[in-house]
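Letters A, B, C, D, E and F mark the chains as written, and numbering starts fresh at 1 in each.
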Amino acid sequence: MTRRDGRKNNMMREVLIQPNFVKFPHGSVLISYGDTKVICTVMIEEKIPPFLLEKNPAQGWMTAEYSILPGAGHVRNPRPGYGNNQLKGRVHEVQRMIGRALRAAVDLKKIGPRTLMIDCDVLQADGGTRTAAITGTMVAVELAIQKMLKDGKIAENPIKTNVAAVSVGILSNEIILDLDYLEDSSAETDTNIVMTREGGLIEVQGTAEHGAFSKSQLDQMLEIGQDAIRNLFALQDRALGKNR
Amino acid sequence: MTRRDGRKNNMMREVLIQPNFVKFPHGSVLISYGDTKVICTVMIEEKIPPFLLEKNPAQGWMTAEYSILPGAGHVRNPRPGYGNNQLKGRVHEVQRMIGRALRAAVDLKKIGPRTLMIDCDVLQADGGTRTAAITGTMVAVELAIQKMLKDGKIAENPIKTNVAAVSVGILSNEIILDLDYLEDSSAETDTNIVMTREGGLIEVQGTAEHGAFSKSQLDQMLEIGQDAIRNLFALQDRALGKNR
Amino acid sequence: MTRRDGRKNNMMREVLIQPNFVKFPHGSVLISYGDTKVICTVMIEEKIPPFLLEKNPAQGWMTAEYSILPGAGHVRNPRPGYGNNQLKGRVHEVQRMIGRALRAAVDLKKIGPRTLMIDCDVLQADGGTRTAAITGTMVAVELAIQKMLKDGKIAENPIKTNVAAVSVGILSNEIILDLDYLEDSSAETDTNIVMTREGGLIEVQGTAEHGAFSKSQLDQMLEIGQDAIRNLFALQDRALGKNR
Amino acid sequence: MTRRDGRKNNMMREVLIQPNFVKFPHGSVLISYGDTKVICTVMIEEKIPPFLLEKNPAQGWMTAEYSILPGAGHVRNPRPGYGNNQLKGRVHEVQRMIGRALRAAVDLKKIGPRTLMIDCDVLQADGGTRTAAITGTMVAVELAIQKMLKDGKIAENPIKTNVAAVSVGILSNEIILDLDYLEDSSAETDTNIVMTREGGLIEVQGTAEHGAFSKSQLDQMLEIGQDAIRNLFALQDRALGKNR
Amino acid sequence: MTRRDGRKNNMMREVLIQPNFVKFPHGSVLISYGDTKVICTVMIEEKIPPFLLEKNPAQGWMTAEYSILPGAGHVRNPRPGYGNNQLKGRVHEVQRMIGRALRAAVDLKKIGPRTLMIDCDVLQADGGTRTAAITGTMVAVELAIQKMLKDGKIAENPIKTNVAAVSVGILSNEIILDLDYLEDSSAETDTNIVMTREGGLIEVQGTAEHGAFSKSQLDQMLEIGQDAIRNLFALQDRALGKNR
Amino acid sequence: MTRRDGRKNNMMREVLIQPNFVKFPHGSVLISYGDTKVICTVMIEEKIPPFLLEKNPAQGWMTAEYSILPGAGHVRNPRPGYGNNQLKGRVHEVQRMIGRALRAAVDLKKIGPRTLMIDCDVLQADGGTRTAAITGTMVAVELAIQKMLKDGKIAENPIKTNVAAVSVGILSNEIILDLDYLEDSSAETDTNIVMTREGGLIEVQGTAEHGAFSKSQLDQMLEIGQDAIRNLFALQDRALGKNR
């Protein structure tokens, strides 16, 4: 199979991470996986949600909201909360995944009774928005943490590890990396993988859309995905000006 | 580690499937995984959703809604739509998973322009509600299909395969099957697996709650899960009076 | 007139009360009036609503929510809070009636600053759901109160009396007891009666659906209803293991 | 017992009916029961609700909405739909009662596939708003029907009878008619009665608020209520310029 | 051009202000601009909104809600919060304008930590409802303030000035004052003007509906509007029994 | 007075218009007025709203939605439709103004039964977002129209004129152009002006925040605003590659 854009099966689209894309939040990034572009911002709120206040009032929290701008795709995407439009199930699913992924990277006990509010807004949607959002938000969170350290809000760096994410799918029975929208629409299986810098798995979500997939295919998807994620850590470092 | 209820790590709780638990729907089941009890009903509606009407008006649809009764657990679970209570993100996530799983089992082209409306209502919640819901709904769908065949609504059986589901997790670094609520609350990783009778994977959702998990742990979880699911197919058959 | 199911005009359907049907709430019951089946649960919440907090902070509260499961009838009943579905006016009417009825049975001053949260979920709907809910909830409340006494949460039994309820209607100009769904749909008048064990009236709601009803018909409906309710008290006692 | 405003127990407050209070609707009335003042309007919409369209497309419909203006009482009453304010259960209960009452007075088969939309807006709330609303709306409906006849929209008068309503209650163990807000707040029992000109009962809603009430008290409440309603029919006639 | 109702271009419709139209609020008025009739009520709430509590807890607040009764016009106006009806954008726009206008007249620092809740309910809608609402509410606010002074709630009169409002428009290229509904529907431009007794401008909202308007037309509209508003102050004074 | 950023009173911030900022919509622009940045997209939908379908089914429609990204300012701006967050009144006000302004520029009779859906999403909010949105959207609409002409969807250019907008305010009694967020927060008066290329006024919204403003101040604000808008037309032309 030849991919529409000429990529080899195990090639990602070009990944760009532009730090500080938005001026006022504590951390922000514009990340693109090819034509998929996501703004990730992190704002610190000096409060924690009620459930935590009861259970663990000294600890912090981090949670994410995700949205696709109405003009992000070929067909207009209605805004939740305008008219009677409601938040779609898919949006809930995605933003919960982003929040879980990032909470795996940060020791919330070390940020004090604050909430890091993550917002991922998709400017252009061409497949892989949730994985781009996770990879980009990791950088925005680091920027926000650096600012907290610099401002003396916290004394110790709470970041335990980096996380990054890609999707791998099966299309015409071949394993392909980082599906764009058209590939995603006709893929037999789509798997989203979130991994730590140390190679630990944080999330593996494999879903058959047509037919089923085998354990051996899952193994191959994981292998290709893990290779790709390793490169993403390097790009995150570069965006942050680190030479690890 | 000894489990609270004395089970071995790779043992399921007792699974009971009571067909026709509710009288009026086309198919219904009460399924229990230990103290987790879910009512699964299937009703046929002679219409299809707008998106399908545009794209494929001759085909049918199947979708699921999932809810936990207020008195299902130890703490009351507020009803969506009462007062300003909203549907929680978790509910969206679960009902989308149930719908996807069942659509993998039925050839929707063969049911005509109808919707099979699945409703999963959790009577008692003690962990594993979504996997019990999938396993039970499969039986309710078969009952509804049998009725459609008998009533002459459809000529050909649209069921392509059976699906069933279990959760497997990691607790104190050991792999355990079919977590109850307390185990689930402190597990490091929770993986939900949906499989077909033929052994194909439909859904693998592994999520680290604390730390990360390794590829080798994922492999073990899948192996234990697959063994358990094979037994569930036998229980589904028995509930339907089949001797496969 | 012969009734569809052969009952005499002043006969109830079979009434079954299964205590402790759900495991985790403080009190629970499955009650059936024929094919009508309602789960009644009672949970204690250690808080009271704002209006009471202002007016009478030492007193308790008891309120009810009522819902019909989507698969309870022949036609699917949409869930409030899913999509843009809203709570129907009828549901408000019914749950307010259940709450009022039960508050007549319990001295809320004696339960402390707590709320007894009543939930009535209709598993099968075949007419008379609100009256079955009231009769069943009375038992669930007693179970919850017994638990509170046993746990030492309260020292004195706050139950002042028992309440139970039936519907009586006029169909083809005849007075009939405990209407099922089909009877209810074509009845000229429908009257719901809630009574205490001592014979006091708590609620009388007579509504003409076609034509009007006379004072003498109301008198007859009340007489038949009162006889039936007396039997319900005996069934409540039996379910609670009392020999009054 | 002497009533606060000096009325005898079986006396109503002054009732005034001002027809055509609002200019643009097909029928309108301002009715007062003492300090309770309700605007009742009736507008004709050339459509019927979906449920009727399916079942009986040639027939008409009539339904009511009820609301209390924010400044109607001593404490501001929040508007539904502003902020997150929701329609209260009590409002649902009242507007369903108004609709049922008026549908008993009009033969909907004779009004064609139209909806008579009733709106009852309480300007001042001092008890008895739902009964005033019913009595006043009857006049507004007659005005709207007269206009429909005059405009040639319908050929035959669809009004079958008149309806009117009062509340009767028990306070300090005495039966009193037409309770004002303060009386209603401390009454032991409150009964709303809707009757036809011919003396048929359309709705009897007796509710114990403290203690219970006896059959003999119900009888007395009905007797006093029926006498009062007969006078209301005369006032309706006078407002319409009839000398029946 | 001759206006439908014979008015000269710079003539207002008859303006009537009836103080104390509703009995229970702290201040109330029924104002009419011709067939446009608006009930304005002011109620004192002993609390202030959260944003002010944070910023300035000793100061008071004043805000407005605006609504059109369903039967106010020729076509029924659906109620927000009933069914899935939402508050329309126009309503937000109008009520924000009313609130801003009145806040220009009252020194909120002098009313203590209270909220003056303004409610403007349109009984009849025939154009100019927002300007009538502002002019009428000014009187209702004064009545409420007089009551607060009399009750000793406040020691010093917080009213800084009076405000009143009219609309001026361009129709068939002529400048006309106080447009009724039909004029408003076909006007090329509509300008709402709010002014203080001293002649200061509080709000000028000129909007072209068809074509554009020139600076010189704006000047003329302002001149005509200012003259009309001067007369409104005299009517406000008379309604309050002042001889200024 | 010296302005914080050194601008003279009648100077605008730097204005940048980047066409085709988002790839998939029919027209798109990123516009900045200094640190205020707004994405404007225009998408064509092959349908028109119900009210127009009834009144004028051959004509097109254009309407706008406006939103501020959560991370656009210093404090997080909650998303409508997430949790119980509702659309704020201010958002309604702004998006209605944008829609009106653009409808003044396009002859909707010439675009056929389609809707041009405008979306203005504020990336960074530093004052003047609504005026930037109008100026930017004009360019995005032109891009969308060019595409429609090129694709043969329409034969004739429906653009009647250009519109652009600025704010002018009074701060410390001086007239200043294009207020940033801090200036806007303490301004005595804020006036938004929308004008056509020919110098016609489309919208003038002057609002006193503290005190009142005089006719002569309004005249000065309009003069300064009109000069500034003339420059904006040149920038719109340049962004579109025109040399007018």
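Following the convention adopted for this analysis, a contact is a pair of C-beta atoms (placed from the backbone, for glycine too) under 8 Å apart; a residue touches a chain by one contact, two chains touch by 3 or more.
For clarity, every value in this text was computed on a predicted model and none was experimentally measured.
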Interchain contact steps from chain B to chain E (minimum; 1 if touching): 2
Per Cα centroids, the chain farthest from chain C: F
Pair joined by more contacting C-beta pairs (D-F or A-F): A-F
Gap in Å, rounded to a whole number, between the CA centres of chain B and chain A: 28
Chain D and chain E, separation of their C-alpha mean positions in angstrom: 32
Cα-centroid distance, chain C relative to chain F, in whole angstrom: 58
Distance between chain centroids, defined by C-alpha means - chain A, chain E (Å): 50
Junction residues of chain C - those touching two or more other chains: 84, 86
Chains that touch, pairwise: A-B, A-C, A-E, A-F, B-C, B-D, B-F, C-D, C-E, D-E, D-F, E-F
Touching residues on chain A, where the partner in the complex is chain E: 83-84
For the chain F and chain E complex, residues of the former touching the latter: 89-90, 92-93, 95-96, 100, 104, 191, 195-196, 198-208, 211-215, 218, 222
Complex interface listing, chain F residues touching chain A: 22-25, 28, 35, 39, 41-43, 45, 65, 67, 69-76, 79-82, 85-87, 117, 119, 121, 123-124
Residues of chain B that touch chain F when the two form their complex: 84, 86
